[in-house]
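In order of appearance the chains are A, B and C, and numbering begins at 1 in each one.
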Amino acid sequence: MSLTESQAVFASVHENALNDVLTAFCTDRPRYLVYGSPAFVPATTIAETGMAAIAFPGIAGGIQWRVRLSIPRIDLFKQTMTLPPELALGPGQFSVRLGAEICLDCGRIRIDPKPPRGHDTKPDDREPNRPLPGTPKPDDRHPLREVTCCKLEVFAIGHIEHVLTSSGEDAITLVPDAVEIVDIKPDEVESVLECLLFMILQAVLGQIRLPLKSLRAGAFSLTLTEGPLIEDDQVKVRGAF
Amino acid sequence: MAEITAALDEGGANTLLADAIATIGTQTKSGSGSLGPFIANYTVQGTLTSGTVDLIPPDTIRIANLRLDWQLDFDFGIDLSTILPDFCLPQVCVDIPCVGTVCTPKICVDWPTITVPVSFGDFVKVTVDTKLDIALSGGKWRVQAVVLGVPNLQFGATTALLLAAIGAAVTPVLLAVPFIGPFLAIAVDAILATIAIAGVTGFLGPIITPFVSGLKFLIYEQPQQFEVLPADGPVDPKVDITIDTVDCVVAHNGTEDELVLTADISP
Amino acid sequence: MIDHFDSRALGRTDCYGQRFMKTGTYRYNVLPAGGDALNDERPFVIQVKERSASNKMNQYTVFIKPGPKMTVEPPELAIEAGDLVLWNCATGPAMPCMVVGDKEFFNSARLVNESGYSHAFGTAGEYEWVDAYGSGARGVVRVRHPECKSSRDYQQWREQLSRGTVVMISDAKAEPREVEIMTGQTVFFGIVKGPGISITDKRLVIASACARDAQAYRREASADRR
């Protein structure tokens, strides 16, 4: 069987090269792997993307957070990378493995005894924050402020889609279909985290649009008519010259 | 297995080579050459048009009927004293009324050296074999199809036509030479016989052949530091990869001959 | 292409003839055409002595040798009154030249009495000639191509080359006014009497103030030397 088959041009990129390109992208534009609220990321730079804090009543400035992802590692069908049993790599699919660190800026909120604005109450002459007699001593487990993080290993399977870059070039993007985080208990917590990371992964990978021209190292010209297809550890395309 | 593979079938290769040849555009060369016993200074322009591509494994691209349209402008000097015999006006005596006989001396004419400008154009078709040449130079990867050997260009009827064009160009120049009138046909014939078809062939060959011999058609050219994405604002710099190796062959895959370019990259 | 036909500028196939009717020493020079305005030297000599008993006019031919400084052979010539001296360029290629003496009549650029000019025509065509100095003298020379095809044609043509044609000019009238010859043949223009004329292809006459000024300057320079 010829490479071009019924078309004039054929191009393929092996998963090793795809990983090289992804590594290059994430190394040159690391902000696509690091997102945080102002306490962690005061402003968007090449290194990190600034986001809003999670607003919550009573928490001045909102809940400060940060997500840091490692450089994704892709495996194209046929499977060579180990996956958790919950995921199975099928024809035309890719799997991805990456690390995710989620951090929160955890801290104590100072309770103001004064009535909140707009409420009419009896004056209280007690000293502020002084416990009532007989009240047990407060738990000092949480200091005033503390960054609390967790690291997760994330697996996902997905498919690739044909998209256009901002300059109108043919490109591909990786679209996750399912995410698995191993051994989080209870299962409901695992499901919540998988949902969170599924949405984050869709968004992050969706921003990475790799031009087809780059994936064939600029060789020849190709007007896409077939693909992109995943097979034989490669992404393959065919078209007219 | 190569990390990146790109392949063209023969139809695609035809288009690729046609584009590569078209980008060469019109080339101009100047110099001097031997036109029979005369030295001619010339300027020649050549424009190539691709023919039919045949991919031959493992590394040959044959282009059949590669067409070279050429336009030649040249001039050459002829010392007419080497073409024509010495010519002398005899003594002329006349009777002047009331004076007597007055005679001029014998006057010999010196044939001058003339310069003949000629302009002529034609085309030639040739079949060439090219070999793939891959090189990294000046930070750029290049794959070129290089014409092998020195093609033997067959000029055919062109030589006779050029000889006729020389004859047509010589005539008005000769007419400007005093006393040549009666000898014009003799002079033109003598000049053309001196040059002859062999002289024209010997003149054209070294001038036209270099347009084809050693020609290089660019198949692939990219910087080793390859830009995947351009910069897109102050917080999104460009994304580069390194093309570590490039190879290019003609492969027979299935029932097709294909031009296959492979590359390995690193971040 | 036209044949350069101008008695003011003698070429390879031109001759200038001058009869010297009076005894004396006539000094002259051979210069590039128009050079008399810049050069007063007269290094060559025609020595004219009394005529002997014979009435036959003798002709002497002086050959002009081209070079950075033109010379003549012989540089000194002794003749008798009434004899003719003919000047011609011995070898070519020659810069168009003039023969100019220290007497007004003795000037190839301006033919006065008892002088002549011959020209062998090398190119076919119709040559209307005029006096560049405006006396009104004019005529036509028609030069025909011989159409030689065989060696016999060439032989016949070569034989005709030794036959010349004469045009006599007196008081600005040329007789005959129109002549017809073949390529290679010679026309003699004999000036019997005139104010000082030239035999010039009409196409070469520059009808401009500059040319007229140059001619006037030459006449003044010539008058000053005398």
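Rule of thumb we're sticking to: a residue touches a chain if its C-beta (ideal position, glycine included) is under 8 Å from a C-beta of that chain, and two chains touch if they have at least 3 such contacts.
Just so you know, these numbers come straight off a predicted model, no measurement behind them.
Student: Please identify each chain that touches chain B as well as chain C.
Tutor: Neighbours common to chain B and chain C are absent.
Student: Please list the single chain whose C-alpha centre lies closest to the global protein C-alpha centre.
Tutor: B
Student: Farthest chain from chain B, going by mean C-alpha coordinates, please.
Tutor: A
Student: Just the number, please: Cα centre separation of chain B and chain C in whole Å.
Tutor: Centre separation, chain B to chain C: 54 Å.
Student: Taking the mean of the C-alpha atoms as each chain's centre, how many Å separate chain A from chain C?
Tutor: Computed value for the inter-centroid distance: 108 Å.
Student: Roughly how many whole angstrom separate the Cα centroids of chain A and chain B?
Tutor: 61
Student: Out of chain A, which residues touch more than one other chain, so two or more?
Tutor: Within chain A, no residue contacts more than one other chain.
Student: Quick check: what residues of chain C touch more than one other chain, meaning two or more?
Tutor: none
Student: Which of the residues in chain C come into contact with chain B in the complex?
Tutor: Interface residues on chain C, with respect to chain B: 1, 3, 12-13, 15, 17, 19, 56-57, 59, 61, 63, 84, 86, 88, 91-93, 114, 116, 118, 120, 122-124, 145-146, 148, 154, 157-158, 161-166, 168, 183-186, 188, 190, 192.
Student: Provide the residue numbers of chain B that touch chain C in the complex, in ascending order.
Tutor: Of all residues in chain B, those touching chain C are 89-105, 107, 109-110, 112, 175-182.
Student: What part of chain A is in contact with chain B in the complex they form?
Tutor: Counting only chain A, the residues touching chain B are 1-4, 7-14, 16-17, 20-21, 23-25, 27-29, 31, 44-46, 165-167, 210-211, 214-220, 234, 241.
Student: So in the complex, which bits of chain B are touching chain A?
Tutor: 1-9, 11-12, 15-16, 220, 222, 226-230, 232, 235-241, 243, 246, 253-256, 258, 260-261, 263-267
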